[in-house]
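Shared between the two complexes below is chain A, which has chain B as its partner in the first and chain C in the second.
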Partner chain A sequence: MTITPDSPSVLTALDRPNSYIGRSVPRPNLRRLTEGRGSYVSDTVLPRMLHVVFVRSPHAHARIRAIDTLAASKAPGVVAAFVGADLTEVMSPWVGVLTHLKGLKSAPQYPLAMERACWQGEAVCAIVARTRALAEDAAALVDVDYEELPAVADAETALDPQTPVIHPELGDNLTFERRVNAGDPDQGMRDAAEIVEATFVFGRHTGVCNEARAIVADWNAAEQRLTVYQGTQAPHMMQNLFAKHLGIAEQQVRVITKDVGGSFGVKVHAYADEMATVAIAKLLRRPVKFVADRLESFLTDIHARDHRVHGKIGVKKDGTITVFEIDDLTGIGPYSVYPRTSGIEANQVVNLTGSWYRCPNYRALARVVFQNKNVMCQYRAVGHPIATAVTEGLVDLAAARIGMDPVEIRRRNLIPDDGYPATAPSGIKFEKLSQEAALQKIVTMMRYDDLRAEQERLRKQGVYRGIGMTTFVEVTNPSPTFYGIGGARISAQDGVTMRLDGAGTVFCHTGVSEQGQGTEAVIAQVAASAFGVPISSVRVIMGDTDNTPYGGGTWASRAAGIAGEAAWQAGKALRANVLALAATILQAQPQSLDLRDGIVVDAASSRERMGLDEIARIAHFRPDTLPPGFQPELVATRHYVPRAWPFAFTNGVQASYLEVDVDTGFVKLLRHWCVEDCGTIINPLLVDEQVRGGIVQGIGAALYEHCVYDERGQLLNGNMADYLVPMASEMPDMDIGHVVTPTADSELGAKGAGEAGTAGAPGAVMNAINDALRPLGAKTLTEMPFTPGLILRAIGRI
Partner chain B sequence: MKPAAFAYARARSVEHAISLLGEHQGDARLLAGGQSLIATLNMRLSSPSLLVDINRLPDLGAISVTAGIVEFGALVRHVQAEQSETVARYAPLIARAMPHIAHPAIRNRGTIGGSIAFADPAAELPACIVALGGELEIAGPHGRRSVSAEAFFKGMFETELGPHDLLTAIRVPAADAKTRAGFAELARRHGDYALTGLAACARATAGGLSDVHLAYFGVGTMPVRARNAEAALDAGDIENAVRAIATDLDPAGDLHASAELKSHLAGVLLRRVFRQLSEQPT
Partner chain C sequence: MSIESCPIVLTVNGETVIENVEPRTTLVDFLRDSLGLTGTRTGCEHGVCGTCTVRVDGTIVRGCLMLAVQCDGARVETIEGVSDTGEIADLQENFRLRNALQCGFCTPGILLTAQELLSRGGMPDREAIRLHLSGNYCRCTGYQAIIDAVETTARQRTGTNS
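This part shows the complex of A and B:
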């Protein structure tokens, strides 16, 4: 793979003499993880620990007439069996709504199904035994008497009067609806020389984590305290939820998150089986472990996407886009997921569609409906792949209709780089984007004109290659606008505490969490740079609600931009403290000194004055030698939350080059490019790998991944053989480039980079396939994933 | 995802393995490479009372050529066949198929005999053996017997092997200078079971091909010979052969491909494999 050199950044305060910012520093956890010395929840073993397994509904919708656990209770090794009602004495139900998503409604959800099971895979009974194997043996003996009920499977008919209402008390199956009417869409339609429309379908898929969801809950009755070991993205959020629904105080709950084997948004929600595990631990007063197996993961880890979008675009002959219109329908399963809700994805689709273009006329409708399938919620790049593919699919169709090059139509309509700040028709605000620069850069990187010539030449030989492009924006660094204002207790701010120890080493505690993406490295880089020590002297502590500043965790591409800024400020503060101490010892002015690479130097001449280890020694062991009244402060904490903008939007452009085998309908990905702008790049290697990994997940959506349900709400391919995750053999080389536009909202200037790849890739692949097949007069392909059967049908070969 | 409890016994000899199978009266399973069995145990799709581990049986792990016959011991690992000069020279069809079978980690453990005995209708090796007109040696309570590959496969995961039988050897005719082999499959991802696949062999003649054998996989409950297409290729008519596929095959659709798609791809594969058969081996 080629790494395109980053744009040279301007020298700023970040360019301290021993700065690690902008360097591809290897992550501190690399050796530990690659040598198999990681510590995951599955590795956690506590004295007297029990294992819980769940009996799950085989039906999409069924009344539970009776559950007979007698035989299971008597099976070898079994300690207890629980049904829904047994857990209500210790745990209250929850409802996944947020007040800022007006009208969003959902029904109370319990740790175990009460009188009804509402999706295939919903836990209805829990068996607790000495080992997982014994618990599974016993679970097979549980006899559940179900009365199967009609299942609401199809989102299209979920709102029809003859369709059963899943939660009768809610009145209908509509979870949430949002409309936008901005500018003058009707005038936009009238101004258009051409109006192009298409229906885009995004298959349901899921985030397949290497490590399944896992939790160990331990209620210590003597302490009246719950310790939960959990692979989660948001330890403090989970602390709050466990406390709230157990009816205990937050300080009675400690959540410990050690290594996490990937999360992608899957591990940032309250799952009924995990809540049940916690309730059972409290009831039994013993540690209880639950590790989802792969089959359970497919049935219960949140699913995502599953949108059907009718889209329209109006365009003038000169390429000016006059209007965007969308009608989005999405099915989210029987409950809005707690606490972030399942309304966010559709809301994002409405917010984002067309937003990076100049066109002021926009009409949108989004409807979110209940159905009897697994729950759906926020997975990597929430809403972005849909908004991007719809927007960019429409733009490509419009370009084809008026005979304009896809790059040219984008050039003519993107908000110009000097046109910021800008507000999109949906109301979202952009501080500063670099769409024009990014587009120009990718055109150069991919040798666009040469590729077009090659494509033309090969077509004459019966080889059908396509070039597809997407421009896009990405929501990062969320302010309280995302969840806090809607009433969810999910911290928008994050803090970093830096502590100087006796040997001159630094402990750096933060509320964000490591999921395998390299946050630990990024925080260490920033902290080391700001404070002025070698990165090897910094140890980052995360994932422990008892021992880290209260914070939000890892989601919405926020860790580097938010906790990174907190680390920057904490490092500066601790440096000021240390220099004040050094100045006292050296009888110098603090401002004449600096801390560089672990040594206090004269700022002007870089002459070494004394080592940090010596300063730490004096501060900790011989403070008696300091002047009376001088108290060294050896810990500094700083917090940060974005204030100036609701989100730090990033932008980017992707391009896919691929070949369609018109005999087989198979797609061969030849190359993929991405130019993105995440502001200040702290670690180029980690950013590029985030982008590449994100692209792979986006390609998965475009070509492979699909949770296939039948009309009775049964998942047909919930296993690793039939659910196709993208694999290395099929992935193209990916070239990543950057434009750097730091956010002025923080000194560090970093925005997020975690989701850009996933946002742009599906649309790029879609556009490339349609570009490849255009000379064959193919029907436009807009239904993901694009399987060989769909492609062959589009060109009339089957 | 833990298997139900089972007993384990390590067989000392073929006869010992057969007697262990007999003692458990059909409730025992042979453990060879374990690449399919262990997954089904973990998912509790099967729960035998006993696993008879045959991995250390002597004499089942060799590849040999004698008197125009290539013999694979049932415990030959895929990787062994993949890397064997003998297989490349004398069983070129199997050599061509090998890289398509799953992934290296699976090929390291999985055995040739296990793949054939399991008889997955989408697996490569059963089709290769059928195309080659191979022969399977079976040891049972009443001694050893041989059956032709076509008689061996009886249906979906069903073979001539009885509950107390053990597949011991696979024999195929050794290739000579006039032997031609062709193999192609279409899988969504490399290493997946194919949507459709074709294993083929033929004899080169002065004007074309004779004795064309075409065995499709992934299109039925077991490997399917396309006899009308074979006759058309014997006559040198690829267009007729592709048309004949419609009568030779009657695939059922599955999760990954409709019947229509499978039929179409079978025709595409036939053209590709025909080109391979028509080329002089290098």
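This part shows the complex of A and C:
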């Protein structure tokens, strides 16, 4: 078994006796999950609960002339049927815009389509019945009279004057546009010995969480309170949205999130069908459950990517990059998704492309357009795989053009490790990256020179192997500049409340949530280390807006870095409280004592003085024995929000080694490497598995995953048989290495690690395929996913 | 479309169960909705993801592709059952130690599928483990940790050194 060896913590402040920081502690909740005893929303059953199913538009764009629900309403077990107008009584529409994305526009969206359906799969009618099967039977009886309208399917022509405008009141199909002109791009072009250009296409794909979106909404009319069980990444954000659009106060809404069967950015948005479920529960005054089936998931879970980027790079003979230029076009469906908007991905592409290289000259244009396809929004590593693959694809093409080794050209252009802080041409700021060290480390780990020799040898035998590399950065620990500044009520801070109970164990409440990535373990490790107890004495409470500090949740790789720091500070504060109490009991100075492994000791000699259980006993049950006027404080709360930098950037390098079968076009992945720098590593095992899972999601995008639409806006492969996902037999083993550069913005120094894998993998696979096929004079492959057909065409075999 | 229910008698995790089910009810829906055995789940409901894997008469099947009425007289075992008998306690512990699960939604199906391979005896290589699990979708882990945990269990059970 390859359990990652514990790596020593680099920060002495974290080296408390018996610290869990830097140790591969198994997650506390895993036994429950291995025994099938988890509690997911799809498992939830409440008394008097009803099931809702949705009738969805079969057309990409259609006027709804009439909906006849009479037969459905009379079907066995049916309790109610709703069309769009029925829900407007209790729920207001929403518009997915943020003020800091200047000019971003969208149209009001309703829980059920009103007079028009704007994508195939948009819910137009809801049927509520005793069981899901009965609701589905009845839904088949709903008769919708549609008048099909022309569909805007192709992003390329969405802005043409002859193309219909999806929301006429907006004037055109342009959602958002951003331009950057930094340094002197024209001079950069003139300085270049070679200018290389390519068009990169990133197919639409989607999250395919193993557990589909699920929600149970329960309106208690007597309490005037809504309880929502939802598999969400951001419970407090959803609390706010449900309250706002139902027109009730936030404290009338409680959101409970237990186990979530994967989220990856899919479960951090307001979905019309989930909003409808909540509205229906309010109208029916009883619990209503909605669980998307897999076909609905493909049609309605946010899609991602779908970018076409024309890229240009200028390079001198010595390898110096003189300019980057990109023109990005992306289609986001008919609405900008609420509340995070669908402008963020293109904005990130502009922010990130070329940013970790020294080249100061940069020109970028990004346009985001409406179309009649499913909505697109933030999915794991938002924008990163695009920015990385475009940047690194261009760098590889430039290297090939001037005959330079791909590692060498990167070495010559990366911002040097001693060159920080640095500001990229797009304006984003780096506190400190370690790209040179990461590159050096991966070259050693993968034995780059040996692999090149092996590749050369095998080519002579007609075996085509390729090595592809990407350097990349990852946005983590976002400050309020991400959403809050644009008006979204998405908390940038998080808090941790620690309380000591009568047995001397601690409860640790936090607003971040567990989606499987291991937040619960990380918070427990940090809290136990800072406070000074065995990890078995810590219980973490999350996913309940009634019982956790108000916070942001889990997205943009923020949980460990932000809530982790709050836990660290809360642990220290509670320790100070407990030592003050112990000092009173022991008649000692608090600073002469410490709490270690659940025992108060003399700090200098480690001599044991008193167990925490005894201190808790006195504090809770015999405070009468304490001196008058001394009040023990047994709860401590601390918050943290990054302030010094808009984001803490994680950075790294990935490499892919693969073999292309030139007869079948199949790609066999042989090995994959990643070296990343997420600052202080709280749990090496969890970090490595985040990276591995992320890499495989990136590989999915590079090789398999694609939501294929036809010109009428019909999704052709919306099921798991036709939409391919990575499975065990095709995936390689992955070697993960680390460079550790803590952020100085927090004491803990942790940056995020959840998205690095997905950011770098697609570009690495792309570069490896092109490297493999270069001796065959193949056309450069830049259109993901790289299917066998595309590969065979590139080498002229078909 | 109210279709008459059929009586079925079967054993589930060693207990005799007598129920009436509609002919259209799948085995996985029956286990979840009628018996409350929610450790068995659906990921696709069309036979691709393996999340619904259970054992019927000792063989693993996809609970979404089998009807409950087909299990009349059968012996059905779910993750709850094999957890309680301790049959796969070593495998579960290796999953825990290796972090071979993240969200855990796929895990019951993967454990039962891996146990089928392991119970054949012998020391499967990594390729064989990957191949045997190739019908079980996991979005979270990237599979490597799962392969490691199964490999470790095989080694421990066969007394093979690493």
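As a convention for this text, the second predicted complex is superposed on the first by the 788 of 798 C-alpha atoms of A that agree within 3 Å, B and C clash if a C-alpha of one lies under 4 Å from a C-alpha of the other, contacts with A are read in each partner's own complex, and residues count from 1 in each chain.
Here is the rule we use: a contact is a pair of C-beta atoms (placed from the backbone, for glycine too) under 8 Å apart; a residue touches a chain by one contact, two chains touch by 3 or more.
Treat the numbers as computed from the prediction; the structure is a model and nothing was measured.
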{"item": "Which superposed partner A:Arg797 touches (first chain B, second chain C, both, neither)", "value": "first"}
{"item": "Partner chain in contact with A:Arg447 - chain B first, chain C second, else both or neither", "value": "neither"}
{"item": "First (chain B), second (chain C), both or neither touched by A:Asn717", "value": "first"}
{"item": "First (chain B), second (chain C), both or neither touched by A:Arg294", "value": "both"}
{"item": "Contacts of A:Tyr704 with chain B and chain C, given as first, second, both or neither", "value": "first"}
{"item": "Partner chain(s) touched by A:Gln515 [first = chain B, second = chain C, both, neither]", "value": "second"}
{"item": "Residues of chain A touched, compared between chain B and chain C (which is higher)", "value": "C"}
{"item": "Which of chain B and chain C A:Arg63 touches, first, second, both or neither", "value": "neither"}
{"item": "Which of chain B and chain C A:Arg31 touches, first, second, both or neither", "value": "second"}
{"item": "Which superposed partner A:Ser729 touches (first chain B, second chain C, both, neither)", "value": "both"}
{"item": "Interface residues of chain A shared between complexes with chain B and chain C", "value": "131, 133, 137, 293-294, 719, 721, 726-727, 729-730"}
{"item": "Chain B residues touching chain A - in the complex, by the definition given at the top", "value": "1-5, 43-44, 186, 188-193, 195, 255-258, 260-261, 264-265, 268"}
{"item": "Chain A partner contacts - residues on chain C that touch it in the complex", "value": "1-2, 22, 24-25, 32-33, 37-41, 43-49, 51, 78-80, 83, 92, 94-99, 101-108, 111, 126, 129-131, 133-149, 151-152, 162"}
{"item": "Chain B-facing residues of chain A, complex", "value": "131-133, 136-137, 140, 293-295, 663-666, 704, 708, 716-717, 719, 721-722, 724, 726-727, 729-730, 787-789, 792, 797-798"}
{"item": "Interface residues, chain A side, partner chain C - complex", "value": "1-3, 26-27, 30-31, 33-40, 42-43, 75-76, 131, 133, 137, 207-212, 259-264, 293-294, 515-518, 685-686, 689, 692-697, 719-721, 725-731, 733-734, 757"}
